[in-house]
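What follows are several structures.
Next, two complexes with chain A in common: one pairs it with chain B, the other with chain C.
For the complex of A and B:
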């Protein structure tokens, strides 16, 4: 216990120390910067609700990544899976002939899951059938997905008259997920994220599937002797991971941007990778860390206006968090060994 | 240079790898160092080359005590080793490999030396060829020439004939003899007795970390074999022979990759009720044989039948073998059969053949708790498998084994177990499990094989060189077959 407190202390000091150093180099007031991030994210319900709009996709992506990490897979392809989820969802939303908004949104949700899942399956097949490591396969598929979304925005789905980086035409209001009055975050988003957390917990910790994924992650050679096929479960875990990423894509188009934009993933996939590592691949810290990361993200938006500091500072802080967490974990590992 | 080991001992944790080993390799001689796997040969050589520190004793070169802290120290003195697997840089050329590790000369000087040395030993080596395109034997030739060029005066060879062709062997042996007559001290580590006999002037035998024998040429094989494998054990009471039945496993014209030489075998069949012991030195083909039978290794050629069902040559083979109640317990339990960070009760959940959505924690805890009692496993149901000792890991594997299994494949079933636990394992296998099960096991302990099996297969360099009922063979013939001597 004493060791744990010491570890946390070391990690937190590293984060603040390094971030302060960066601020000093950038000639910015250190304390004001931290204060502004705090004010920009948690000072009002409006701001806090904005933080939650980031929290939802981060939680969804993290849940997906927990499945792949459990099987010891590095699902770098999660960014592409978010994009393909968004595209799948958007394809349904643009479909003519359907009238009932609830039905359209439900179908769109399913299509987003299928889109993300299929993109995950592709990375999985590249690994199990083609022997392509999931990191390289995923990275390649991210580029393909990025190219595909640009093609759609500038080609078949462009705004009438002009194609623009700002994305496709806004969706009709009836296809926006509704949110509480004065809030930015959608009811449905919160419900989906919380359900995702509960389901992930049940599957990973209570079901046999979770145990089998863990077994494969720990020792695929031994798994064969227990009649567990590593290939099959690799595919399953990456499909589940992709499906969660697809849900995040769905939230981005129906609750945040209300259209398809080139940067629809907002980099949340990569951010979730860091987050899950920081959480030590466990589910309990995920909602809290996601809130912290989301706060940093939203809070740093006003830094350029107030302090003339670039908003990428949040990126620096996030990077520092992960590096210091990995550092402390590494130290702990070495202590254990010696 | 004379190399003298005085009272060398080496401990790894609680394991005594070498105790009080003394021997002298004289200048101008070839000194053989023989013993079975794990006898301590490699450890002794690693101490001489500075890779490992000794726990006690002294090393003397020409009567002077020396300290060997790093491989570089050893190289400075002129101690060089030719490893079993070539230790070279495959992407570099022959000449580049030859030039490494020596004082830097011009490229031309190196080229000239290489040409001169290769000619002197009758080796055909193209200086510009990339080493990865060469055979193991040729790579060994480069390494040998490099060591000679670096003025090595003590040459250690570790199983030098593994993986080289007979023609290359025919070049290597005279080269070594020539080097010895020119004043080099050569230490030859081997378990191939015929080679040792044809090359060495003196032989020291190690067994369980002790020197058990030292003798000069000409050698008497029975004497060496006894020193290597121990005295012929007195007849212990043999377990009662078991009734045999139908064919369980048949193999025809199998060719498979794996280990050093792969495995080739004409035909083989095992019947229910039989206990078959697989003898052979490490890597001779037993491991491949067991994995073939378990469907884990897919043969390149030939066909296999388990209980009259043909095994497919695809990844499905292991599943089908499992469905036919074939189980495999590998020697490296934590590497191949158990999961780190996963608890005992979770292992039972994974093993449960009935599919269910939930893990059924309570049921499996009960199962684990029962197994802990029945199999006397020292541990709790929520301990992870990697926290168990080797013996308890083996007990856990036996507890996880389906008692209805019909073909039980065991790789070194008593590895890491004390004598008591080892006997307990055999009691469980032969008395608790059904007597109709066919048991095939490999073991480095010849006594274990002779005592428990009804039939013995001896593997040597990827072939089965002896297939005999235990009653019709003896300690001497099996030991001889293991070391490649034709009877």
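For the complex of A and C:
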């Protein structure tokens, strides 16, 4: 326990130390910067609810990544899976003839899961059938998905008379996921994220599926001796990962932007990769770390507003967190070895 | 261990005290307005023009204070939406919010509904013309059509090849009417002043997809401008918020090509490369901002749609003219004189370029002979005009 506290202390000191250094170089008041990030994310229920709108997709993507990391797969293609989920969801929302909002939203949710899952399957097939490493396959598919969404927004789904990256026509109000009064986060988003956390925990830690994925992740050759087909489980894990990413895409179009925009993923897929690494590939720290990262994302807007410091500093802090965590994990491993 | 935890608790308590929420309310005699800018506040273009107008307002209206955030677009600030930022600015005491981009139309409408007690000024939209739009949402725009006519005029007077490139942002009513204005100015110079064959004037529009370059999303404006010059154009007019056209023209000029460019929307835009700059049509937001901010302070706010034109007595008067044209170093003295005469003609009405006969790009009739376009027709121009090359939708 004492060791763990020491490790956390080292990691936190590194983060604050390095970030303070960057702030000093940028000629910004260090304490004020941290204070404003805090105030900008947790000082009121309104702010907190804004943080939760970022927390929801981050948690969903992280849950998906836990499945793929468990099978020792690097699902870099998660960004494309979010995009394809959003496109799938939007395709249903644009369908003429459907009247009942609850039905349309439910179908859209399913389509988003299918869109993300199918894109994950494609990355999986590239790996299992084509021998393309999932990192390269995923990256390639991210580019394809980005190209596809741009084509839709500038082409068949563009606003009447307007071709702009500002996105498709705004969804009608009835198709926006509703939020509690005075809040900015959708009920459904919170419910879906919490359910995703519970299901991920159940599957990964309490089911045979989780055990098999772990076996494959640790040693795919040995897993074969126990009649576990690595290829099948690779595909399954990346489909599940894609499905969770697709849900995040659904949340982005129905609860945040209310339309399809080129940057619909908001980079949450890549951010979730950092987050899951920082969590040591375990589920328990995920909701807390997601809250921290979401808070940084939202709170860092204060830097340009109040201090006229560029908010990209939050990216520096996030990067520092991950590097510090990796450094501490490395130290721990060296201690064990020695 | 016990000591450690006691120490930790003290540190946590101290940090919590330092970071405890302090609501930053403006004092009662301060009028705080928030400015949301789509691009960087130092872009030498659209956003900087707004930023500097806000600074000017702080000087001119005692007690006024601007808080702002720039780069408000999903590529630069992923996951951050206009309503979120409005919540923030309102929390910091802003009672009037200015959103400076057409791209923020949806967000600002939503924010206006969420904050009925706050005043909203959307630049370049026209919600205020609609009955069912929120009463706290007004619109402001400058009649840049005149500035673009002058840009087109200067370009055609200077061009030796008769090939003019127009670097367009995205396609909407605003950009179509601005590109068309530019074309009309160029055609007037080519046919009425230089007395040249209209068939030998080429005016090509290339749209990049947004108001500035977003790598991987928009077309690269630098490459588009290079393509214009490679295809024989010797003047490129920019309709985007940043200065790529001018920078490329300057490079080509240094390499020995006789080319020039006209940047867009910020008074100081020519400073980037004065030797290649024919001039710049620019917005001056001070008169419009003064109108709406004064109205909000004096409780005389109305849901208005203002489309403010130049002060023809002095187009470059920063207190009275909402658009202006600053001649550049590359504009010859003769052409400057012709441009001044053209400007006088626009001001006294002897030159009216939106008058018939004019056809749309698809050759259908826009204005019959003798017919003059109304503001409404110009504002909602559905497509480019006959004689222009480039996409209308």
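Just so we're on the same page, the second predicted complex is superposed on the first by the 338 of 338 C-alpha atoms of A that agree within 3 Å, B and C clash if a C-alpha of one lies under 4 Å from a C-alpha of the other, contacts with A are read in each partner's own complex, and residues count from 1 in each chain.
Here is the rule we go by: a contact is a pair of C-beta atoms (placed from the backbone, for glycine too) under 8 Å apart; a residue touches a chain by one contact, two chains touch by 3 or more.
Just so it is clear, the structure is predicted and the values come from calculations on it, not from any experiment.
With chain A as the common reference, chain B sits beside chain C without any clash.
Of the two partner chains placed by superposition, A:112 touches none, neither chain B nor chain C.
Between chain B and chain C, C contacts the larger number of chain A residues. In the overlay built on the shared chain, the residue A:224 is in contact with chain B alone; chain C does not reach it. In the superposed model, A:268 makes contact with chain C only, not with chain B. By the touch criterion defined above, A:188 reaches neither chain B nor chain C. In the superposition on chain A, A:92 makes contact with neither chain B nor chain C. Vertex at chain A: the C-alpha centres of chain B and chain C lie 130° apart in angle, rounded to steps of 10.
Of the two partner chains placed by the overlay, neither chain B nor chain C lies in contact with A:197.
Shared-chain residue A:39: touches chain C; no touch with chain B. Of all C-alpha pairs linking chain B and chain C after the chain A fit, the shortest spans 30 Å.
Chain contact summary for the complex, chain A toward chain B: residues 206-212, 214-215, 218-219, 221-222, 224-229, 231.
Contacts from chain A toward chain C in the complex involve residues 2, 5, 31, 34-35, 38-40, 43-44, 46-47, 50, 53-54, 146, 150, 154, 161-166, 170, 184, 256-259, 261-263, 265-268, 297-298, 301-302, 304-306, 311. Looking at the complex, you find that chain B touches chain A at residues 296, 315, 318-319, 322, 327-328, 335-342, 346, 349-351, 353, 355-359.
Residues of chain C touching chain A in their complex: 1, 4, 18-19, 21-23, 67-71, 74-75, 77-81, 83-85, 87-89, 91-92, 102-103, 105-106, 110, 170-173, 207, 209-210, 214, 216-218, 382, 391, 393.
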